[in-house]
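Listed next: structures, encoded as structure tokens.
One chain, chain A, links the two complexes that follow: it is found with chain B in the first and with chain C in the second.
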Partner chain A sequence: MQVTIQTFIGGLSLGAIYALVAMGFSLVYRTMGLVNFAHGNVVMIGAYFASTFYLSAKLPFAAAMVIALVVTGLIGIVIERVLRPLENKDFDLMLIGTIGFGIVLEALAIIIWGATGRAVPSPVPGAPLDVFGIRIRTYDLVVLAIAAAATAVLVLFLQRTKRGAAMQAVAMDHQAATAVGIHVGRSNSIAFMIGAGLAALAGGLVGPLLYVSPAMGGTLGIKGFAAAILGGFGSIPGAIIGGLCIGVLDGFTAGHFQGYSELVTFLVFTVIIMVRPTGIFGERTVNRA
Partner chain B sequence: MSLFARRRVAILSTVAAATIALSACSAPGEDEESSSSGDGPIKIAVVNAQSGQLSSLGAWELKGVKLAVDEWNKAGGVGGRQIELGVFDDQGDPTVGTNLARKIASEGYVAMLGTAESAVTIAMAPILQQEEIPNITSGQSPGLVAVKSPFLFLNGPTSTTYDETLAKYIVDTKGIKSIAVITNNGSYGKGEHDAFLKALSSRGVTPVADHAVTTDQKDFSAALTSIRQKNPQLIFVGAEEVQSGLIVKQARDLGIKAPFAGAAPQGTPVFIDTAGAANAEGTIVSSPYLSNEISDASRTFAAAYKAMHGEDAEMHGAKAYDGAQIMLTALKNSNLATGKPLADAIRSTKHAGLLGNFTFDETGVGIFETSIGTITSGKLIAATDA
Partner chain C sequence: MRYRVGGIALLGVAAWLLPYQLDSYAIHVVNVMLLYALLAIGLGLAMGIAGQINLAQVAFFGVGAYVTAILTTKSGWGFWAAAVVAILAAAAIGLLVGTPALRMQSHYLGIVTLGLALAFTNWVTNSHLAGGAEGITGIPRPQLPGVDLSSEYLFYYVELIVFAVALAFGIFVVRTPLGRRMRAMRDDALAAGAVGVEVPMLRMTAFLFAGVYGGIAGVLYAGLIRYVAPETFSIANMFLLLAMVIIGGRQSLVGCVIGAISLALVRELLVDYPTYAQVAYGSVVVLTVVFAPTGLAGLPRRVTGWLRRRGWLPGGAATAGALRPFQPYGQAPAPQAGPMLEVTGVSKHFRGLTALQDITLTVPAGQIRGIVGPNGSGKTTLFNVVSGLYKPSAGRVAIAGTDLTAARPYRLAQAGIARTFQNLRLFAALTVRENVLVALDRSRIRSIWRYAVWQVGVWRHDRELRRRADQILERFGLTDFADSLPGALPYGIQRRVEVARAMAATPRLLLLDEPAAGLNGEEVRQLAEIVRSIRGAGVTVVVIEHNMGLVMSLCDQVTVLSNGRIIADGEPARVAVDPHVIEAYLGDSTVIDVPAAEEATQATEVKL
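And now, the complex of A and B:
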């Protein structure tokens, strides 16, 4: 029983990170119908910015996170701006373009920060809480709280603001949206910016949990993408549920199947997707490709 | 505008294709100049992961090799000729490695240094043997010896040596019998798992828990919680630097107080940083190169390394430095031989290196002992009772 609960808790904190990554994937997909394959690498860049401002510039962790969010958001805008001429022309090239950006970002990280990577000490010192023999890291609670807050802000933005509504409109029908005077390019740009910001949030938060290295984007990207698909690609609540599911599922398969855990996780994932191809919350389908 | 943008994206996307293509296309007809004749530079290939998960290993190895070659070049090179290093990125991938083996053969490299990943070296070995290119690897898997290539040499001990020394210290010297094992299922972790369990079973000890994790795994709550319930006196970790560090950090968060033990990766700064110095305290390490403070030679090496690269030297750099020194000494002793004569020259080279005194046997292993160290106040220091 103790093992089960502890495994669940361990899975939740990484699950919250996967959820943030999945939200970035979903936001860009629902707005543009594009899978941003550079997203995992943007997470890595965000982690580097956050850790650089935190460790090298000695800023408080929160301040470092905010700066990392802004800078990485700008990178998102740059990616969208470079790819924009391809929208509605050749969508496959646009997909490949995001893969190219991913490789460029990883190479840049190696040039700027070196190949070795760095460990980030936890910004929340203090021993883990001990609840009836179950250990809960205080930093995990911080991660869960920030992930929840980020979700709430994003949902409010999409549903309550004019800009958010415009983005929803573009997602539903970009030609009609253009006809009523919505700037599709700007809407896409904002989607990329928020997506990159979420990536930086995930990367910055995961730094103290894991290890910041140029290769860290790979696993986080794949797990985040799987989470987005599982929850229903394009759905924001789906991304959250999907992320937490993948994190917890991963924890339990690791306990039961040890070396084969990755295999079992993705087998379970495949079966769920076969039974329910649109994912858990996938009632809305976006098809722009 | 659109044409320009399209081209821009096409360029980006070809970056991916180009990396693969560069390593793949090695036409057999490329100018096969023999670099052992004439008076051009002597070409030595350094193959290691310079990108991907294992790139930190590749970076350290390259720094060690560069330092050794730099010293020789400043002293006039070998036989009056400079040494030229060709750096190749194997991405830690055996497939890329085999392509690179063909590439360095066709481009006239006389010898190869690397890789740090046993699986890649094993994949490359048959081609290098066929092309008669001697290779000094930094891998330590017993599988390297099983290849039985007369052209393959190791710049350190094999896992068997690391773990036999470790088990001897833990079980025989310390009398610890209640041991949990957590290893990853990659080539390194699997080798550590088998070698350590063999060393334990020869002493009649069975681990109280034996957990495997995947190389990509980040959350170890399940394995560590069940290890905690067994309450072992010591936990053996067989994984690379970063993963070992994460395992130790999470174990301490879960309230596990038992010390950890492991081979080379657990003695590195990356491990200590990832785990946190306080969490890594007391970790027992079996390593052929405990610290930069062990001898006058290691102090000189560490100072030169720091001066050249601006960071502290560690074991992988030292191993690669030794390997490069042996290669260059063999080149000098054999009067710039290539192929089989060079391999024979390496085998007969007796080198007093940073790791100890190298005397190669027919398996290509030159060093058969490691030392025991403990992490004390964030630094690896020699154990007094080993």
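And now, the complex of A and C:
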């Protein structure tokens, strides 16, 4: 029982990371109908920036995160600008274009930081908390708190600000949005920047949990994407639930199947998605037919 | 044609003589290149031809290689026996990975296939049977009587022959009925189903091909390298393969091969700088999708198009022909009496919205039935239920007495229903002739065995189809546009192509969804003539139309829908003065002046 609960909580903190990745996917998808397969690699770049500012520049962890967020956000803007001609056109081509970006980002990371990874020490040292005999890593709580705060800020932004409302309008009908004077390109650019920022946040937070390496983008991206689809692509609450589910599933398969955990996670995911292709909350379809 | 045969012969001779020019390292590089080319053909068939995003090609490759390795080293099988089992295993895995395609497409399919590919690498890295991270060494060299296959020079010839056969077979598939149906499905799966293409089975076939090509490449890899390890089948290599297909041009198998060979060459040149090579090919992929989505294979056409526009090449403006008059069908004996279409108590709900409420209507054989109603009254929804695109929430649909409620669209098409669409759904990348050919083609998926053993039969069948397609094009006056892409034609002609395509499927019941929308007066008159002739040939017609003049003159009986219910049903002239109908259109019972049936033939475009 104790083990189960501990695994569960460990899974939740990893799941919070997947949820952040999934939210980035969903935000970009619902505003511009683009599935960004480079998203995982953007997470990896974010993780490297955060760890570089934290370890090499000796900045405090929070400051390192903020800088990493801004720099990675700029990379997001660049990707959006290059792929802009494809927006609202061939869906499959866009998908492949972002895969191309992913390939480039991974290679650049190898050139800049080397092919071997690095371990990032936890920014909140100290013994695990002991709650009724269950040992909880302090850092897990930090991750959960930051992820929750980020989600709250994002939802407030989308619902309470003019800019956020404009983005929702673009998501629903980009032509009508243009007609009422919204700059669709700029709105998409901001969506992509926020998506990349969420990726950087996820990357920075995951650094101390996993090992930062150029290859981490692939797995994190695919699991984040799986989380987004599981919850219902394009839905923010769906991304959170999906992320936590995949995280917990991951935690338990890692415990039970050791090396085969990935195999089991993806098989389970495939079966779930076969049974219910629109995910738990149903896809928020960007209807542009 | 003669140049083409000569070119292929020349390429063949060059390929045959190639090893004499190469040192032992270079021949190894060429051998690996050919394997990539094989994989690229398989991926091109699934992705470019059938439109199925398949990011598991590298796993099929891995299954072929690993099964060969395991059977020869652990079970002591001979190489060729193991090879056969390996290809079968790869084909089976292909079908397995393809099953999600029955439920989802595009990015969903991408993520699922990618996930399954990751699951495969995860399995081989951990499994004791597959040798873990170290892989399997000591695969015996394949034996061929009289040929020493340990020599890479001789192995080259084995690969070359396999490659040539595989490419020829791939091109054969693309150009014959099977490939044409796949391309139709890629362009518009919905319309393909509506003309009788068995979409689910074809998707599986696409994955079957991908699996077989991957398996063959895997077997050859095991025979060539005689060592397998997980990193060969990594996601990075999957993306490399994807880059080959995209850069080469996914919709052309030759393009895929060119892409594979050129990218493999570039990778070889940059072998000391693998990461820089990765930056390079990643960037080229991005540039290709943005600036040249058809890849290298599409370049010649783009270049000549550009030259024409600048006036440096003759041709220039579209060499347009003329739309010829429609040649009426011969009068068929009147179809036996009885209902052709029976809709009983059909309702359709979308979440909270009720689109159709308890619709009951019967269309007798040989009738032209009009369905009218204000926008949003459920007309197209009714068509979608009848043609199988939607499942009704309640009620039954029967065609000529057979209950076909909620049958798949292709089953209904085979049962004799054809339809056109309100917003024109022609297969965009197929010529007008091919659009008609897809609908003409009644061959079922079970006849696919002929591709494996009796290609001559396939070819004869195709020639027969082409002959009949030309007849249909001539009947509809479309001969001059046979080789044009539909998107390049004027709207009125596209409308006629869609009717021709629907009729090519030789239906008993034809559903026309706003066939006169966007047509001018003369075109509407021709349309009326065509529809009458179609009915004269014994086909029952149901038509949704807003052009009341056309409805009045054409239809034997009119059904009026409003808010998902039938509010009137009867002869056109009587329905037009029904107070309920007038109220539904105008909101109150002010009587309006409705054109009488006689003057309606002059196509007064009263769009209500």
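The rule is simple: the second predicted complex is superposed on the first by the 272 of 289 C-alpha atoms of A that agree within 3 Å, B and C clash if a C-alpha of one lies under 4 Å from a C-alpha of the other, contacts with A are read in each partner's own complex, and residues count from 1 in each chain.
Here, a residue touches a chain if its C-beta (ideal position, glycine included) is under 8 Å from a C-beta of that chain, and two chains touch if they have at least 3 such contacts.
Values in this document were obtained by computation on a predicted structure and should not be read as measured data.
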For the three-chain model obtained by superposing on chain A, do chain B and chain C clash or fit? clash
So in the superposed three-chain picture, is A:267 touching just chain B, just chain C, both, or none of them (first/second/both/neither)? second
Of the partners chain B and chain C, which touch A:103 in the superposed model: first, second, both, neither? both
So, does A:10 touch the first partner chain B, the second partner chain C, both, or neither? first
Does chain B (first) or chain C (second) touch A:94, or do both, or does neither? both
Given the superposition on chain A, which partner contacts more residues in chain A: chain B or chain C? B
Looking at the overlay, what does A:252 touch: chain B (first), chain C (second), both, or neither? first
Output check: A:82 vs chain B and chain C. Expected answer is one of first, second, both, neither. What do you get? both
Mind working out whether A:175 is in touch with chain B, chain C, both or neither, as first, second, both or neither? neither
Of the listed segments of chain C (20-28, 470-478 or 578-586), which one clashes with chain B in the superposed model? 20-28
Chain A residues where the chain B and chain C footprints coincide 82-83, 85-86, 90, 93-94, 96-97, 99-101, 103-104, 106-107, 110, 115, 218-219, 258-259, 262
Which residues of chain B touch chain A in the complex? 1-2, 5-6, 8-16, 19, 50-53, 55-56, 58-60, 184-185, 211-214, 216-223, 225-226, 229, 242, 245-246, 250, 253-255, 270, 273-274, 276
Inside the complex, what are the residues of chain A that reach chain B? 2-3, 6-7, 9-11, 13-14, 82-86, 89-90, 93-94, 96-97, 99-101, 103-104, 106-107, 110, 114-119, 121, 128, 130, 135, 137, 209-211, 213-215, 218-219, 247, 250-252, 254-256, 258-259, 261-262
Which positions of chain C touch chain A when the two form their complex? 51, 53, 99-100, 103-104, 106-108, 110-112, 114-116, 118-119, 122-123, 125-126, 235, 239, 242-243, 246, 275-276, 278-279, 281-286, 288-290, 293
Report the residues of chain A in contact with chain C in the complex, numbered from low to high. 35, 37, 82-83, 85-86, 90-97, 99-104, 106-108, 110-111, 115, 218-219, 222, 225-226, 229, 258-260, 262-263, 266-267, 269-270, 273-274, 277
